[in-house]
Amino acid sequence: MKSLIDILDLTVEELDELIATAQDIIANPQKYAEACRGLKLASLFFEPSTRTRMSFEAAMYELGGNVISVTGAGTSSAAKGESVADTAKTVSCYTDIIAIRHPKEGAAYVTAKNATIPVINAGDGGHCHPTQTLADLLTIWREKGRFTNLTIGVCGDLKFGRTVHSLINAMSRYEGNKFVLISPEELKVPSYVKKDVLQQKHIPYVQTTDLMAVMPELDILYMTRVQRERFFNEEDYLRLKDSYILTVDKLKTAKPDLAILHPLPRVNEISVAVDDDPRACYFKQVLNGKYMRMALILKLLKEAGKLN
Amino acid sequence: MKSLIDILDLTVEELDELIATAQDIIANPQKYAEACRGLKLASLFFEPSTRTRMSFEAAMYELGGNVISVTGAGTSSAAKGESVADTAKTVSCYTDIIAIRHPKEGAAYVTAKNATIPVINAGDGGHCHPTQTLADLLTIWREKGRFTNLTIGVCGDLKFGRTVHSLINAMSRYEGNKFVLISPEELKVPSYVKKDVLQQKHIPYVQTTDLMAVMPELDILYMTRVQRERFFNEEDYLRLKDSYILTVDKLKTAKPDLAILHPLPRVNEISVAVDDDPRACYFKQVLNGKYMRMALILKLLKEAGKLN
Amino acid sequence: MKSLIDILDLTVEELDELIATAQDIIANPQKYAEACRGLKLASLFFEPSTRTRMSFEAAMYELGGNVISVTGAGTSSAAKGESVADTAKTVSCYTDIIAIRHPKEGAAYVTAKNATIPVINAGDGGHCHPTQTLADLLTIWREKGRFTNLTIGVCGDLKFGRTVHSLINAMSRYEGNKFVLISPEELKVPSYVKKDVLQQKHIPYVQTTDLMAVMPELDILYMTRVQRERFFNEEDYLRLKDSYILTVDKLKTAKPDLAILHPLPRVNEISVAVDDDPRACYFKQVLNGKYMRMALILKLLKEAGKLN
């Protein structure tokens, strides 16, 4: 592997290795503090995503490396008509690894095809966002100690939410897991996810509109944001955005060791009062995202021969 | 103290300590060149202020640290509906100290309440801008050798100019000072500043519209910019913006050791010809601002247990 | 020399020295990896140019220095009415060297006049862009081993293309060179370049509209982009933009050791298929630009007494 475009680019073994590296970084940060001295990350955010950008840049700095940051709707070069391929070749002359966020699906893939350095997809349109899934996975690992035999509830916008699709993809590779898909009718998991992933792999799942009915059986509850920009009309958004809000009260029937995840930013899907519940893991997830990005940067730079 | 939101968050003793640290940094920069190695400043400028941002970032780099910079009218997360509180919690996962500039009054305070790392208010609306006051104070200290028994003229926009209010607050804590408040009628110091600060502490002051009449008695002359954005109509701005322009000629009756300060940027409140006068201290003030920010970053990181 | 505004600010001897330094950097990067430790580049891009900005920032990082980056149509200070002169003085308090890109001709010069640190012109309007020419020259040197007795074709927009004018200026100082100026009638080299440079120095040149007719004699072929923003009407742009597109087929009659250069970004002036031809040097040129910027930063910081 040279680049990471989709979470499934990683084998189960590679994922294990990243989890192990991340845990070693957490235990011994000083060991890694100069690992990337003299190397540079190109942080190309052609679509704004401050949180993800900060996570990548913090990761590179904690490895002792440097960052060149490009933000904005398009680079000036793109505005002048330059192709993504030429941008990839040029940026390869200036830096050692690229993290790219782009509104167009496939942009990260084209960048990886043309760059001579490793490329990490930091989100391309509604398609993939594999480092978010890495954050989710490390959080599950640290909270549960396993990737198997878990009942995983995913709740909210399951139609457009790419992080949900990636998580289902990733967790479907482990044994004994069961999915509980909780959403309004309008925002159900697309049938291709159900057919191509869940049914093909014989993963048990249920679909429901009733969060409370399934709450007691969940080991993981993955909440998602209902994004205004995904809706075709404002009326639908307003009607559905408050569905499935997680409150302290709703958590009364949940398991004592439930792990509540959310990719953030949240609007009001989770009441602020839930933050004080020890089962709330979404800010831990932010930290875990940084550690997994550190592990990933190290792995890709090593494979590219830039590190020993 | 964990964060700095308002200049009065600092005791007189803490201020003395910052002044002493800044002077040691000036004398021995090499001693501090690696002090913050491995630590990161989040430079969050939700309102543009290139000068202040550069000062904070230069300060962190001269301490050997790194910087993650966020600029623009709102982060993408804020645009997606995230609260300031959640942003504070998230940024705390990525960095070690925050400098925040925000158009809304109170935003820095809310950030400090929710962050798990120290927060420095780099300006919130028309409210506070304490690190500008730190720059002013170090300049007064280095030029005058004391904070007491000074006749301090403040001139220009005394109504909206937050740096003036902070300076009055800060210098009112020392003995023997006298204020000369020089402005057009429309831009006089608000009565709450006069009542709550000057009168309550029995600080002598005079109000005047005539800069020349008071020039000979001043030890400090603090000029301010008449900001277009503070006016409700263009006509008032145009009529008043050229009042109280400082020229070489007007300085003829001034003391030979007057110190002329200005928070910058200037438009035309001070004639460029004044720059060559040894009494012009406003570019020294820029440098002093960097040193005080260095001292402040060190102090807050130490108190947060991030530094020895 | 304290600053670099125009390529002709450099003597032939200084250019030789920069070329020699760049080649030493290429051969021994580790020798330079900490050369600028503790120093800061102000990367001021008041006009967007991501590629040039990245090149400067990569250069500074590869020298072990830090970067403070300012991008956007104007700084907030400029928006508040600050002069370029005051900005220059202020930035001098925060950093050690400035790279400035500005839409106004002369802005870099005014900055250099007022700054107390070295200034590098990273492009000012249609005027000068000397570090692009440094990239071009190192490429010619590395490909040809000499600056003399070369037949240099320049093709495309020779009227507005400032990089072409600078290259002609720079290469006219060496003996035995000949220029072949290839463009449509509408985009010919301005007469002042022909009179003041080529004719005055008795440099042989030909003007032609026919790329194929002159192809066999060229040692260098410098292609340029036909920029939409340089045209007064859309119709002229559309008619001319595809003139003089370089293809694999057109290269059949070219010398086997032709060096094809382009300042990038390209739109379609050079077919992507040409990229695989060993004579295509434009991505090497990108790399060479970084090395020459490193050499230049070192030279200017040394002359400013900031480096030994």
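Structure notes:
Chains: A, B and C, in written order; residue numbering restarts at 1 for each.
The rule is short, and it goes like this: a residue touches a chain if its C-beta (ideal position, glycine included) is under 8 Å from a C-beta of that chain, and two chains touch if they have at least 3 such contacts.
These numbers come from a predicted model, not from an experiment.
If touching chains are joined by edges, the resulting network of the protein chains shown connects every chain directly with every other.
For the two copies, chain A and chain B, the CA superposition rotation is 120 degrees, given to the nearest 5. Interface of chain A with chain C: the two copies contact each other largely through different residue positions, with under half of all numbers used appearing on both sides.
Centroids built from CA atoms put chain C at 41 Å from chain A. Counting partners per residue, chain C has 69 as the residues that reach two or more other chains. The touching residues of chain C, when paired with chain B in their complex, are 38, 40, 42, 66, 68-70, 72, 75-77, 79-83, 85-87, 89-91, 93-95. Of all residues in chain B, only 33, 48-51, 54-55, 57-58, 61-62, 64, 67, 69, 71, 225, 227-228, 264-268, 272, 283, 286-287, 290 touch chain C in the complex they form.
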